[in-house]
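So, here's a batch of structures to check.
Two complexes, one shared chain (chain A), two partners (chain B, chain C).
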Partner chain A sequence: MLAEYATPLTFIALGAVFAYSFYAVLIAGQLSLGQAGFASVAAFSAATLAPSGDDVGDVPALLVAVVIGMAVGALAAVVLGLPTMHLRGVYLAIATLGFAEAVRVVLLNLEWTGGAQGLGVPRILTVGMAWTALAVVAYWFWRMGRSRYGRALEAIREDELAARSMGIDVGRHRLAAFVTAGAVAGLYGVLFAYYVRLIAPGDFDFSAAVEGLVTAVVGGSTMFLGPLLGSGFQTMVPEIQRAVGVEAGWIRPFLAGLLLLVVILFLPGGLASLIPRRTRMPSSVGGGEDGGTSHLAARRHPTPGETVVSLSGLGKEYGGVHAVRGVDLEIGSGEVVGLIGPNGAGKTTLVNMISGLVPPSSGSATVLGVPVGRTPVHRVAAAGVSRTFQHSKLFNRLSALENVLVGAHLVSRPTFLRRLLWLPSARRDERASLEHAARCLQRVGLGDLAGNRASSLSYGDQRRLEIARALASDPSLLILDEPAAGMNHVEAAGLSELIRSLARGGLTILFIEHNVGMVLETCTRVVVLDFGEVIASGTPEEIAANPAVIEAYLGTADEEPAAGSIAEGTLADPTGGGAHAMPPDTRTPDAVTNVDPGSAGTLPPPDTTPRSAT
Partner chain B sequence: MQQLLNGIFIGSIYALFAIGFTLVFGILDRLNLAHPAVFAASAFVGIELVERGGLSLWAALPIVFVFGAVLGLLIERLAFRPLKGRADAHFAGLISSIALAGMLIALLQWRYGPDTRRFPAGSFPDTRFEVAGAQVTLVQVVILAVSLALMVGLTYMVTRTRLGRGMRAVAENPTAARVLGVNVDRITAVTFAISSALGAVAGVLFAINVNTAQLGMGSAIELKGLAVIIVGGMGSLPGALIGGLVLGLAEVFAVQYIGSSWRDVIAFGLLFLILLVRPQGLLGARRVREV
Partner chain C sequence: MRATLSTAAVATAAVFVLASCGSEGEGSGSAASGDLAGEGSGDSCSIEAAVPIGAVLSLTGAAASYGESQQRGLDLAAAELAEKGGVTYDLRIEDDQTDPRQAITLFDQFVSDDVSLIIGPTLSNAAVQADPVAQDAGVPVLGISNTAAGITDIGDYVFRDSLTEQAVIPQTIAKATEEFGLQNVVVMYSNDDAFTESGYEAFAAALEDEGVGVAETITFSKSDTDFRALLTQAQASNPDALVVSALIEAAVPLVTQAREMGIDVPIIGGNGFNNPRLMADAGEAAEGVVVGAAWNSASENPENTAFLEAFEAEYGTQPDQFAAQAYAGLLLVDQAVRTNCAADHDSIKEALGGLENVPTVLGEFSIDENRDAVHPAVVQVVQDGAFAVLE
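Coming up: the complex of A and B.
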């Protein structure tokens, strides 16, 4: 009975293993087509180097070959990955494809591979062995899914920049995913070689790579069962057609293509989306502050009064436009600093520099002892800086709780390897992270929406979720970029209260806000920026009475508007700028004319060169 | 000299094929992997037009152009439009176009069988010229002329006409274009139509050049097309032209000086090198990431 189906079953397993090598990178949002090359190099090296089954027995020979193949595949991935990891999307796909094709042609022209004739390999693999290998691979990815490492990869897939800001070393994670793909592809190459008896470089060509990618995507690239389902689908469609008597020739490939089209169009998450995705919730929330946090890494926070941010002569220039100019600013621990100013004043550019996203063009900045600008974003985050973005950058396809869990990346411990071994400590750590994340969600009032997808939340809830995510890293400095945008009065008041309660806990907060009323009542100090320069700094009372501030906000009749508005890109601000959020007493028609149509002549002409014609 | 000319002829076909590829990528940010199937299909249709319809080689070209445009509309409607607005539209578009390509090739197999097809004997004029000591056939000259004319026409359309302006607007920012009254759906459909029409003409020209059409001819050129648009810069039309010529010449000279079996290593070595040094390609513009 089983023997009858042994061949298709073996091919399902082989196809699934190969698809997992694509899954390994797709989960991190990378599209690579180099796996065929890895498999090819691995298969030929293993078949040549491994001892013969006659000398050491079949199974040991296969095991040695598998080890060689996986090592070679992983090594090839490192060699290819190091120079190509800075490439994204289609570029990475084509660079890796170029590699795979070059490998194929080189192997085709070498003596020891047998060239186009191929290399004979004994058939050792049985259906049982193939499925055992598949089970191991699937187990690996299953345990990875809910680990800190797996979540970090998903975060990178959803939004790389936000992942960096959460302290995830994106380069290392991407390379790790790539090397995993290389090892799994190597495994596939070896298994394939020891099943089909004769391997030729042509077995690992472009169409093989496309087949692997199709299998992974059809099955679903966001759930560990996806590649298995995809391989079952891809292998069984022709088999079933044969069984029900669909004649060979053109109809079979036509129907296979049609089915593939239907699946991809009507099942966005692949076949795996038919399986309901379980969202995990912490079993007990608020089981004592100390009970949960003891499993989380402790962070050192600056003592009250210690300098947290120190900027001197900080400036940023975009092609001649000074977005920020000569800013000197010191922020001490425990301060709540509000950063206000008209649209295009350079506020977002300034906080982007402080959080390490944008290198300054002049001056220097030290944040929590780290020289920002020369430090990667994830290191700045590791030093204790956490932020939200002007336009929400959530991990859209993850649940609210998972978003916050990613935020807790820096304070939670790696759990993947311990999860592979089912160690209880990993379970405890995961539970601690979950409870910590749930507390952060409750703190911003989203406790009930933990299981909802981030993209399904309302605008105001998304902003709150970003704050919860930022809080989850237990930061020393929290930067909020227009947190109240899109919130109504009641919500803004709640936010103000939250910020003050965080400050009472010793957190240093820097926030940009257009709701001047809220800034004045929340902050201990207010800094006003206009045309990229600090025009005033002081207590809320001083700022409210400062004539320069009033002028910047209300403008004067003959003043030419700011050129900096282009640099900050606020012309395209979908929130419509900040005037809407200002309390009625400060709101005048002129407050929004920071960028008025008449100013077009003073702005640099927009670049009309089309991308398609350059 | 002979090799140089041969390189230019084959390179101009690569360029024409790649321009269709890069047009869709540049404007719509989608990689249409059904493009090679259009290339193959049009070669078969071209041969049938000459063989059964009794048309001359050149009269078949405009018909194939229209045929390609219709295929392009179908591809857009079936494989890309349903994916609009999906988060994974990138990957899904790749797969759906691969699926459609498979269906298209299956249909070709049904209509024409699995064998190689050729133009009927005597359909090529045998006029020859001598250019600086090299032999050039009239057919080759026409191939070059048609390719160049189509590329110039496309460039004119994109840079000078209202439709082209709409395309550039969509390329910059589809949402803004829609708000400003550009019919994005129509622009998308037209872009696919033009892209596929160019790919179709490239297919016939290729079939004329080597006098064969095979079911697998699309996948053979697919890789080269990808290499060309990377080398030239994703989405760049002049880049695709230069990339096509560079690839054609590199191949011809590699065959002559290194040996035919190493030909593709040159192409992909070049591709790899360019990606490392200049990921945006020779003429591509680097896109700025927003915060």
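Coming up: the complex of A and C.
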């Protein structure tokens, strides 16, 4: 029975291993087509360098070849990854495709590879060995799924910038995913070579890469069983057609293509989306603060009154437009500072600079002892800065609880390697993170929605989820960018109460808000920004009475119509500050709104952010 | 809700398809049961059960044009054998999609279905990967288009009726040298294709044997279509002839552009040129191209005349070498089955190995001790839009 189906079963296993090499990077939102090149280099090196099965026995020979192949594949991925890891989307795909093509041409023209006629390899691989290798690879990705590392990769896929703000070192994680892909592709190359008996550079060409990618996507690139399902599907379609009796010829590839189309149309998440994804809620959420926190990494918070943010002469210029200029500001620990001002006043640019997303063009800023602008975003986050975004930047395809778990990246411990070994300590750490995340969710009132996809939440709930995610990192400075936008007044009052209770716990909070009433009632200090400059700063009472603030918001009597329109962003600004005339979401050409690796079908520009920021 | 419904529908459909596959799979496998030994011998041989023959051809994918020709050749031969009677054949032609992995799978399936013999696969690289499956199981294989060296070294169950490049090309070079007095040539070949590269190796060896000097060796890719720069380079050596190993897709533009540029020395092509498309697509430019071939389409032996006529009547076009070799292949299998009047693996293997001087469309045909084909090759030249024997 098994022997009769040994060949298709072996090819399912081989196809799945190759698809896993695509899954390894797709899960981190990277589109790479270089895996065929890795597999090719690995297969040829291993077949040439590994000892013959006659000398050392078949299985040891294959094992040595696998080790050589995976090492070569991983090494090739490092060599290719270092210069290309800052590329995104289609640009990375093209660069890696170029690499694979270069490998093919080089191998074609080398003596020892046998050129186009290929290299003979003994058949050692059996169906059992192929499935053993597949099981190991699948196990690896299964255990990765619910580890801190696996969640970080998913977060990068969903929203790279938000992931950075949660303290994830995106560059390192992306390279790690890429090297994993290289090693798995190398494994595939070796297994393939030791099964089909003859490898030629043409076996690892563009169409092979596309087939691997299609297999991974059809199976589903967000769930570890996806590549296996995809490979089963891709391998069985011709078998089934043969068995059903569809006559050989053009109709078969046509039907196979049609079936592929149907799967992609009706199951955009791949075949794996048929498998329900469950979210575990910790059973004992209310079970005391200390029980869980001992398994979380401790963070040092500044003592009350210590300076948290120190800005001097901070300015940002976009092509001659001064979005922010000459801002001097000190925020002490425990303060709740409200940042208000008309649309286009530079509030978001200012907090983007403070959180390290945008480097200042002039002046200097120190946040929690870190000089921002020269420090990567994830380091600023590691220093204790956590933030929400003006436009929600949630990890849309993850559940609410998982979003918050990613937020807890900095306070949870790495668990992937220990999960591979089933160490009980990994389980305890994971449970501690889960409980911590669940507490954060309950704190913002989303405890019941923990299992829901972030994208399925209402707008107000999404704003709250962002706050829960920001809180999960146990920050020293919390930056909220228009947290109450889209909330009704009851919700806004609840939010105000939450902010005050956080402040009572010693947290320093800086928040932008258009709801002036809420700001006045929540903050200990209010800073007013207009045309990029601080026009007033003081207690809520002082600000409410400040004539300059009233003018900025309402305009003087004779200027009223124009000023009111500026605030709504509908009219050209009479003062010539071009940026003020644009809607707030488009006027700052920074990376904040541009980078969205999770969005398919768009063509993002090549990333030009400096390497130091990755 | 709608999305959920359609998801459920697709899932259900998938389950049904998978289920039906399962039951189909169990049903097959008994095709070869029955008695495969018969009574009588030669033309009087009669075997009760149909002799199962599997054929693995590339009907879709890159090599589809070859596979389709082969399918026509096999179908024509099968129809003639059915008319003849005595032994009936259950010929099952399967498509490997020009994918060696499919070829391996199909060989495996034919082996487990216990066919008497497997014909194919179309391409040599697939043969290297798939033939060992049959060899290990003791099922004879007859290659009908594999020209690469070493295919029959896979084992004693592997035969072929296709002449290797190493058999045809030396004759081509010898004949051309004699005819044109070659002293100095330029060799061009695509180095990213197994077939054209092994053709090049055969050319290089043959040229050395004949003592013809190679002024330059120029490589290109099988996907190239503009050869003007390379031809200018070749022209500079002022060669007596261009020797080209390329597939037909590259051969047509290469020949056309060479003639456009005023290169009117003979062009000597490998087996890739051996295709009616050369004359159809290159037109005038193809005149004077010399091609070695395993099959003489102009041969006037009675088998060939009958084959040309039957093929033309059935399909309305002239056959090419692939069709001729496929047609000859199935008739040779029939010959082998009738020799011992038995269609079990070892009888066929033994009879195939003993084939000697069988009249076929390819000429007098024998199998040598290496299980390779032995029959006259022919050197052709394009004259008035058709292949003619170079004399």
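Basically, the second predicted complex is superposed on the first by the 556 of 614 C-alpha atoms of A that agree within 3 Å, B and C clash if a C-alpha of one lies under 4 Å from a C-alpha of the other, contacts with A are read in each partner's own complex, and residues count from 1 in each chain.
Criterion: a residue touches a chain if its C-beta (ideal position, glycine included) is under 8 Å from a C-beta of that chain, and two chains touch if they have at least 3 such contacts.
A quick note: this is a predicted structure, and the numbers were derived from the prediction, not measured.
Participant: Pick one for A:Leu161: touches chain B only (first), chain C only (second), both, or neither.
Facilitator: The answer is first: A:Leu161 touches chain B but not chain C.
Participant: Quick one: classify A:Pro8 as touching chain B (first), chain C (second), both or neither.
Facilitator: second
Participant: Give one of first, second, both or neither to describe whether A:Val90 is in contact with chain B, with chain C, with both, or with none.
Facilitator: The first partner, chain B, only.
Participant: Based on the superposed arrangement, let me know which partner A:Gly320 touches: chain B (first), chain C (second), both, or neither?
Facilitator: In the superposition, A:Gly320 contacts neither chain B nor chain C.
Participant: Tell me which partner touches more residues of chain A in the superposed arrangement, chain B or chain C.
Facilitator: Chain A has more residues touched by B than by the other partner.
Participant: In the superposed arrangement, does A:Val106 touch chain B (first), chain C (second), both or neither?
Facilitator: The first partner, chain B, only.
Participant: Is A:Pro253 touching anything from chain B or chain C once the two structures are fitted on A? First, second, both or neither.
Facilitator: both
Participant: After overlaying the two complexes on chain A, where does the chain B footprint on chain A coincide with the chain C footprint?
Facilitator: 105, 108-109, 249-250, 252-253
Participant: Which chain A residues qualify as touching chain C in the complex?
Facilitator: 3-8, 11, 105, 108-109, 115-118, 120, 123, 196-198, 200-203, 236, 238-240, 242-245, 248-250, 252-253, 262-263, 266-267, 273-274
Participant: Mind listing the chain B positions that touch chain A in their complex?
Facilitator: The contact residues of chain B facing chain A are 22-23, 25-27, 31, 78-79, 82-83, 86-88, 90-92, 94-96, 98-103, 105-107, 109-110, 155, 158-159, 167-168, 171-172, 176, 219, 222-223, 226-227, 230, 233-238, 261-262, 264-265, 268-269, 271-272, 275-276, 279, 283-285, 287, 289-291.
Participant: What residues of chain A sit close enough to touch chain B in their complex?
Facilitator: Those residues of chain A that touch chain B are 26, 31, 83-84, 86-87, 89-91, 94-95, 97-99, 101-102, 105-106, 108-109, 161, 206-207, 210, 213-214, 217-218, 221, 249-254, 256-258, 260-261, 264-265, 268, 348, 352, 357-358, 389-390, 396-397, 455, 569, 572, 609-614.
Participant: Within the complex, which stretch of chain C touches chain A?
Facilitator: 3, 6-7, 10-11, 17-18, 20-21, 24-25, 28-29, 59-60, 93-95, 97, 100-102, 104-105, 108-109, 112, 125, 128-129, 132-133, 148, 191-194, 196-198
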